[in-house]
Structure formats: structure tokens, C-alpha cells
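Take a look at the following structure, please.
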Amino acid sequence: MISAKKLDSLKLFFRENDGSMYKKMKSNVFELIEPSKGNPASKAFDIFIITLIILNLITIIVETFELPDAVRSVIVTFEIVSVIIFTIEYLLRVWTADLLYPQLSRGRARLKYICSFMAIIDLLSILPIYVPLLIPLDLRVLRILRIGRLLRILKINRYTHALGTMARVFKEKAAQLISSMLVVSLLIIIASVLMYNIESAVQPDAFSNAFETMWWAVSTLTTVGYGDVYPITVAGKLLAIIIAFLGIGMVAVPTGIISAGFTEAINKEKEEEKEEIAYCPHCGHKLHK
Amino acid sequence: MISAKKLDSLKLFFRENDGSMYKKMKSNVFELIEPSKGNPASKAFDIFIITLIILNLITIIVETFELPDAVRSVIVTFEIVSVIIFTIEYLLRVWTADLLYPQLSRGRARLKYICSFMAIIDLLSILPIYVPLLIPLDLRVLRILRIGRLLRILKINRYTHALGTMARVFKEKAAQLISSMLVVSLLIIIASVLMYNIESAVQPDAFSNAFETMWWAVSTLTTVGYGDVYPITVAGKLLAIIIAFLGIGMVAVPTGIISAGFTEAINKEKEEEKEEIAYCPHCGHKLHK
Amino acid sequence: MISAKKLDSLKLFFRENDGSMYKKMKSNVFELIEPSKGNPASKAFDIFIITLIILNLITIIVETFELPDAVRSVIVTFEIVSVIIFTIEYLLRVWTADLLYPQLSRGRARLKYICSFMAIIDLLSILPIYVPLLIPLDLRVLRILRIGRLLRILKINRYTHALGTMARVFKEKAAQLISSMLVVSLLIIIASVLMYNIESAVQPDAFSNAFETMWWAVSTLTTVGYGDVYPITVAGKLLAIIIAFLGIGMVAVPTGIISAGFTEAINKEKEEEKEEIAYCPHCGHKLHK
Amino acid sequence: MISAKKLDSLKLFFRENDGSMYKKMKSNVFELIEPSKGNPASKAFDIFIITLIILNLITIIVETFELPDAVRSVIVTFEIVSVIIFTIEYLLRVWTADLLYPQLSRGRARLKYICSFMAIIDLLSILPIYVPLLIPLDLRVLRILRIGRLLRILKINRYTHALGTMARVFKEKAAQLISSMLVVSLLIIIASVLMYNIESAVQPDAFSNAFETMWWAVSTLTTVGYGDVYPITVAGKLLAIIIAFLGIGMVAVPTGIISAGFTEAINKEKEEEKEEIAYCPHCGHKLHK
């Protein structure tokens, strides 16, 4: 390990040569961790990180199986190593944030990066390992927290245009989607209370209170239909038929909204491409398409 | 409490000063209950009413659980208080209706407001508490009626543009949606009668009559599939396979209609934005599209 | 009842006065049975026929319940009466077919009407009552045949624009929809044979042959999921997971096709409306929008 | 059978008359196996091959039933005969590949054809019969391989425009569809690990590890809902409610993407049709859009 003293002297050395070596090293690191076309080292780094994320994902699933202690200790070691790598990556990204936002000052750029959605996900995914070192926490809770790590896989898509389009569609249609969800929630509550009044007398176990009936309502409205709870009275079945039909509408409305959103997004992109002024090749006049 | 006499004198006082104070107070009340941008008091009133509605919603669900008497009495008190508040709000809205429709006479404006969809919902949501005071009714029926109160939550959306777009899409596509529902209903009846003829001999309990078979048909066509009733003969299974496939179409058709409706709504809004002035390429005059 | 002789003389009478009374009566009947705006008699006739169809529909369902003999005999009488009315309506429509297709000769117009989709449905819906009078048939078969009568309800929509749009969308997209169904059928067969090989050893009863496995495949692919048959091996569950995901695609593809079809239909209708040549109001030049 | 010697002499004969008879025969064969309008022989050949494929499909299903030995031997004979026919068809297609790609040399054309998607499917569908002749393989594995034969039915659509449009839509939207699948996969893993932590204590059999929980998650998210595994704790039910709702989104997003894709495809085709010559309003010259 590098001693703290040596590190200080290194830091000093770079500071002194701030104009050349420090800057060059920083920009090299930045190029490595940021995706840049035609740079094989950057691409290799990307593949390495993504592989690490997927392996982490697999270990989370494998952990739930009954495993011999030897395998379990290998998994624990692998987890620690990968969190250390992710921590270094996170720190490097914070360090080079001023190259990502060249128009901002160094401090502001770093703050902006730390507050970005992806950086928060990165932090949340490495935090669960460090938290028990600082605060003694119940292990059971920790296991749930560790799932935050899964969000790391979103990094794979950091670069894709497609996920961006999807996010934009959802953002633009948020008001409509939330409205439709509100209507559906209202529907579920009405159905639950009605069904509770209808069925609780005949099936007091299955429809014991409005929450249990809500379980039935959601199961029916989303067309999942586990079949653990269902009405047996005529009135109950009639209500269930209405709810099942409204469930079709429940799929249709958000689908319609999202579908229109994607059609709009495509048209917008096309229009932006087309919005160039053309000139008549014969007389040279401007032609607005 | 304000005595009836005092109230009369107050009324008289306002009537006398009809030109100034009464009108001013009325417009102040109107501004408070109607959403107006930049008015913090109006915003606070909105948030208060919405919070009250949500709390009422929660109590309806909580009521179905087994509760100690102390909690139950708190809920009853809370319900009475909130219905009084809702009643006052309703009366104030009726009172200020002539400011909402300034082009109408006072009486007509109030009548128009009372007959509006939202006012009817408001009235239905407060009525269940008052009804037993006037007519002695069975309590069981009342509990069902009380669900009308839930519709109050639609007020939250009274102001949203999104719900309006959704309502317009449904209104415009109503004929097509009803047509597709008609076809589906016909399909369900045909499937039910056919299935009754096929399965009733083998499973007389599950498929005892066409209504019970209809229960199966809806469960299959909406792809809920509880699994409480299903065919066991080869002919029955073949029919169920056809019905399940038509169920896919049943989702596809309304979704397609609604989806096209939303795309149309977006295009219409855009066109309205674009309706700019064009110029005739021949004489150079302005042309309104 | 009118005797055959009297009928002949009536017919002769009309033939003799072919130029006036016969024609006038025919056109009156045609106006009555065909929907014509502003004609109250025609509207009343429409409502009467539709009511009769719905009542017939209800009797079909009611028949499957256990009923006292008195009720059953009433139903049978009602059925006979309504079939007689439908038969008269059918004959009148054939008789007035030359007014429906004025450009054709009388014989050709009648043939064209008899071969039209709606006339075939009409005939099929009244035939089941007459068939046993001509050929002795098993009653069990007849009950199934009687469902053809339900198709009469499609008459309600004979006049709606909406059902026409839907039919056109389906017709235009038929090739794509059939193609997607073909892909799905292939998928089901592949899934069934694979699943039979995987699960039949462990669950020989549930997955006894490829047809039983197909029952599972359809139930999963259409997301119905009754829960009467499901894989229990790891390989079987993995296959079921893949099939369930493809089921999502199965909904998505026809929905996408139909949705695009409806959007296209709307655009086409709009374009047809817009396709008028406009003139510049200032200089009088033609302006193609 | 034709002896190898005779075949060689035939080949030589055709080579010698390369300019006339060999070429003519080849082009005749090519016309027969390739779909060409107005050629009844070619159409008959198509129908024959498609019938053979469908019959093969049926035998695969029939084979899984318990059959007498006589029927089984008929099926085996039929399979061998049809594979021989398919092999001849495959070889003829390879032989006439230079007529399919006239711009390429004979060798390159054949290689290009062999590597085409349809040719690979053809090869895979006939290979399973020949493999055990070369390498001794376990019969169990072979049965699974034989399903490759089913892909032959895709040939039916080789000629349809519709399947081509569908394939293009999927290809163009691949990035978005894969992205949405990635988000869904992440969702499933998160739901599985969370649910394992919530339910495994109460239902150790049903939720024994993350894979079993994943089985539940997929069943819920795709709205299949077999009902063999479902949560019974309050926390588990709440999670299941959230997952069921996200399941609606899971249908909505790919449907929206595909729907927008089909709308785009239609517009593109229309635009290509419309790409007519326009005239510059300033100088009157032709303008190609």
C-alpha cells in the first residue's frame, strides 16, 4: 500500500506541475472512464465494469440458494473486491467531473456530478457495504438495502439512445399516466369496499377486510388472477365481471398514452432532421419544405 | 353557534350594502374556493380539501378492519366533521355560482352549477350522511351508498389538463369503443351457450347454467383466468383456446382505438399551435389556414 | 288468416296497377325496413326489431337455467312468434332488394341481397327453427345451431359508422394479423413439443400428450393462466418464463398493428376531407394545401 | 435408383451443352421452385411443399399420443419420404442460386444462398434425420432437435409482404425493445430478491430461493398468474400489487414501441408513394423532393 506520506508528496508533485502532468493524467483517466469512440482502452474498461455488474447480479441470486461455506466465502470476497473497484470508479468520476462539465468551476462541477441521477445510483449501490462499518445495523435490513446494488446495471444503458427516448416519453406523458393511475386507484378502492360488503358475509376468511379485498381487486384489474381469492355469490361475480372488463381498459389507456408518446417522439425527431432550409437547385431561391 | 336571528340580521346587513361589502365578500369566497394562480389562500384551501378527501378515503378502508371502540368513535366523529366541511363548501359553491357563469342570471347560474357533473358528485358524496336523518333506511344499504364519497377524489383532477385529454379521447372514440364492447358481449354469450352445451354434462357443478359459464367466459376473455372453472373435455378446451386468442384481440382493439385517439389528440393540439399565418405564393397576401 | 286465393287476387291486383299502387306500397315497405332519417315509423320498426333480438338473446341464456314447465312453454311460444316476425322481415327485404340496388335488374338485386353478409346471417338465424320441419335432426345438434340466432344482434350495428371503421381496419391489416397469428401458432407448437419432452416424465397426467401441453401453452401465451397445468421442473419453468414473455409480445404485435391501422384510418378520413382545392381569397389563384 | 456412373454421364452431357439444354433446364427448375406469377406449375409446387410442411407438423403432434405400432410405422415412413423431398428441394435451391443472384459468380451465389436465413432454417429442418447416420447420438436429444423441422412452416410466409413489415419494425425498434426488456429483467431480479426476503420465512417451500421467487415474479409481471405461488404476508401482497401494476406497464411499453413502429412503417410507405415531382414556385423547374 501507498503510505499517506508518499501520497501527499505525489499530490504535491502533481500540483506543482499542474500545467502539464496532472492535467494530462486527469484527462487520460477521464477518457478511460467516459465512453469515447475509437478508444480501445475505454471500451475495455466499459466491458470490464459491465461484466463486474452482471457477476454481482448473479451472486445476489446465487446467495439465496443453500450453499456450502466455501462457496459462500468466495462470494463474500468477490463482493468486497467489486465494491472496492466500484468505489475507486466513483471517486475517479467525481475527480474528473470538471472535465465533464468544462463550463463550470471545479467545485460546482463535482457537486453537479454528485447530485446527478447516475451518481446517486452509484453511491447507493456501494453504500450498503460501508454503512455497517459506521453505524451498527440489523443484518436483516442490510440484505434488503443491498438490492440497491442492482441499480448499477442501469449503467449499461447510460449510453443508449433508446432508454433516453423511453425516459423522455414517460416524462412527457407523466401527467396523463399519473391521472390514469389515479382513476385506477379510485376504481380499486370502490371495488374493494363494494366487494367487501358483498362477499365478507359468505367468505369471511378470504374477504376479511378491505385490504384483503384490495388484493383481489388488484389481482383482477391487472388480469393476473392468481385464483386464491374470488367471489362466489352472484352479485360478487357480476362485480368481478365489471372489474375484469375495466381491467382491459386499464391496459388500454396507458398503452394508448405511451403509444401516442412514441409516435410523437418519432415525428419530432424526423421534423428536427427535416427542419433545414432547402434551396432550389435551379434558381437558388429559399425553399421551406 | 350563530343564532338564526343574528344570521338574518347579517343577511339583511349584506343586502343593504349590496353594492359593496356583500359583493366583495362573495368574490373573496369565490377566489378562495376556485383555483386561481398566485393566490396562496386559494392554494392552501385546495390542499386542505384534498387532504380531507384522502383522509376520508383511508377511514373507509380502515373501517372494514376489526377496530377497538375508541378508534371507531374517533372515525365517526371525523366523518361527521368532514361531511359538515364538505357541505359548507358545497353551499358556498352554489352561492358563488353566478361568479362562475357571469353571463347567466343568478338563479340560472346556480341551477347550472347544481346540475354540473362535479356538483352532482359533491352532493352524492355528502348525501349518505343526511339521508338517514330524513328517511329511516337499512344500515347495510347505507354502507354501500357511502362509497359515493370516494368520487370526491376526482376533484383533485378537476384542474388537470391530462384528465381532460383522456375524457375527450374517450368521448370522441365512444362509438367505436361501445361497438367493440358489443361485439365482445356477443362473443361472450355465444361462448357461454356453446360451452354450456359442451361441458355441463361432464361438469354439472361448475357449468350449471349459462350465467356460470359466462363467469368462465369473462374470466378467460379478459385473460384473468382465476382457475376456479375451466373446461376438461377436448371440445371444451378447443373452445377455450379460441376464446383465449380472441381475448388477445379484445385487448388489442380498444387499445388500438384509444391509442389512435391519443395520437389524434396530440396532432390536433399541435395543429392548433401551428395555425400561423401563411402567405400566398402568387400575390403575397396573408392567408389564414 | 288470408286465404291463398285472396292473396293471389291481391297479387294480381297489384300487378295490374304495377305503375302506381304496387310500386308505392313497395317503396313504403322499403322505407319502413330501411333506416331513413326523419321517418318515425322506420325508427319505431328498428327499435322493435332490436328489442326482439335482445329478448331472444335473453331467452337463450334463461333457457339454460332450471325452469318450471309453464315458463319454458312461454319461452317456446315467444321463440316461434319472433322467428315468424324475423322470417317476414327477411322476405320483405328480399322483395324490396331492387330498391336497395336500383342500378341492377330485379332478379340480380335479389340475388345480390341474398348473398350479402347480413342476409346470410339473417337466414342462418331463422333456419334452425325450420330445419327439423324438413329433415329429422338430433335435438342436441339443434341447440348448438340455435346460437346462430345471436348473430342477429349484429343488425344493431348495421348502421353504425364505427363498426364499419373497425371492419375496414381488420380487412386492411388482415395479412399482418394472420402472419402474426401464424408465428404465434408455430410458437405454440414448438413450446408444446418442447414442454412435452421436458415435463411428461415428471407429470405424466398433466402433460400426457402434445394436445394437453398445447392447452398449457395457450393458457400461458395468452396470459390467462388458469393454474390447472404448470411446469414443476427447473427446465420447464425456464421454458414457461420464455413463453410468458413472448406472450407479452403476442399482445403487443396485434395491438401495434391494429393501433397503426386506426391511426391510418383517421388520417385517411381527414385527408379525404381536406382534399379540396382552395383558392386564394385575394388573387383568385388555385392553392393546393 | 440412378447409378453414380449414369449421373456422371448426365452431368457431362449437360456440361457439354452448357449453352443451351443445361441452362434451360436450370432456369425451368428455378422457375418451378421460385414463386413466379402466372406459372401454374410453380404454384402447384408451392402448395405441395406447404401441404407437406403442415402434414409434418401434424405428425410431430400426433407422435406424442399413444399410438398403435402400425400407425407409428406409417408416420416414420412419411417422415423419411418428406425429408428426402425437402433435401432434394434444398439441393435444387443451392444449384439454382446463381439465377437468384445473377450479379454474383456461381460459387459466391451458392455460398450467399447457403448462408441466408431461410437456407439455414431449411438445413436445420432436414439435418436431424441425417445426424444419427453420421454420429451416434442419444435418441432423447434427437427428439428435441427434430422441432427444428417446425421452422419450415416459415417458408409459407417467405413470400408475404406482411411478415417482412413485421420483421422490419422489430429490427428498427430492436434497441428500444431490448432496453425495455433490460429494465424488466432488472425489475424481476429486484422483485425476486425482495420477495425472497419477505416471504421465505413464512412459506419456505414456495419461496425456497431466488429462482423460485423469480418464477413467481415472471408469472405476476406477465399477468399469467398461475396461482401456484403467491405471497400471504401483508408486505408480500403489497410488493405483489406493485409488481402487478408494473406488469401493466410492461405490456404498455413494448406495445407502444411496436405500435409507433407500425405507424412509422405505414407513413414511410406512403411517403415513398408520394415522392412525386414537385415544381419550384419561383422558377417553375422540376424539384425532386
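A, B, C and D are the chain letters, set down in written order, and residue numbers restart from 1 in every chain.
Note that in this section a contact is a pair of C-beta atoms (placed from the backbone, for glycine too) under 8 Å apart; a residue touches a chain by one contact, two chains touch by 3 or more.
None of the values given here were measured: they were computed from a predicted structure.
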{"item": "Farthest chain (mean CA position) relative to chain C", "value": "A"}
{"item": "Rigid-body rotation angle, chain C and chain B, from Cα fit (steps of 5°)", "value": "90"}
{"item": "Between chain D and chain A, distance of the C-alpha-averaged centres to the nearest whole Å", "value": "33"}
{"item": "Euclidean distance of C-alpha centroids - chain A vs chain C, Å", "value": "47"}
{"item": "Multi-partner residues of chain B (each touching 2 or more other chains)", "value": "211, 214, 223-227, 251, 255-257, 259-260, 263"}
{"item": "Residue ranges of chain B in contact with chain A within the complex", "value": "57, 60-66, 140, 143-144, 147, 150-151, 153-154, 156-157, 160-163, 165-166, 169, 181, 211, 214-215, 218-219, 222-228, 250-251, 254-255, 257-263, 265-266"}
{"item": "Chain B-touching residues of chain A, taken from the complex the two chains share", "value": "175-176, 178-180, 182-183, 186, 189-190, 192-194, 196-197, 200, 209-211, 213-214, 220, 223-227, 230, 234, 237, 240-241, 244-245, 247-249, 251-253, 255-257, 259-260, 263-264"}
{"item": "List of chain D residues in touch with chain B within their complex", "value": "223, 225-227, 255-256, 259, 263, 281"}
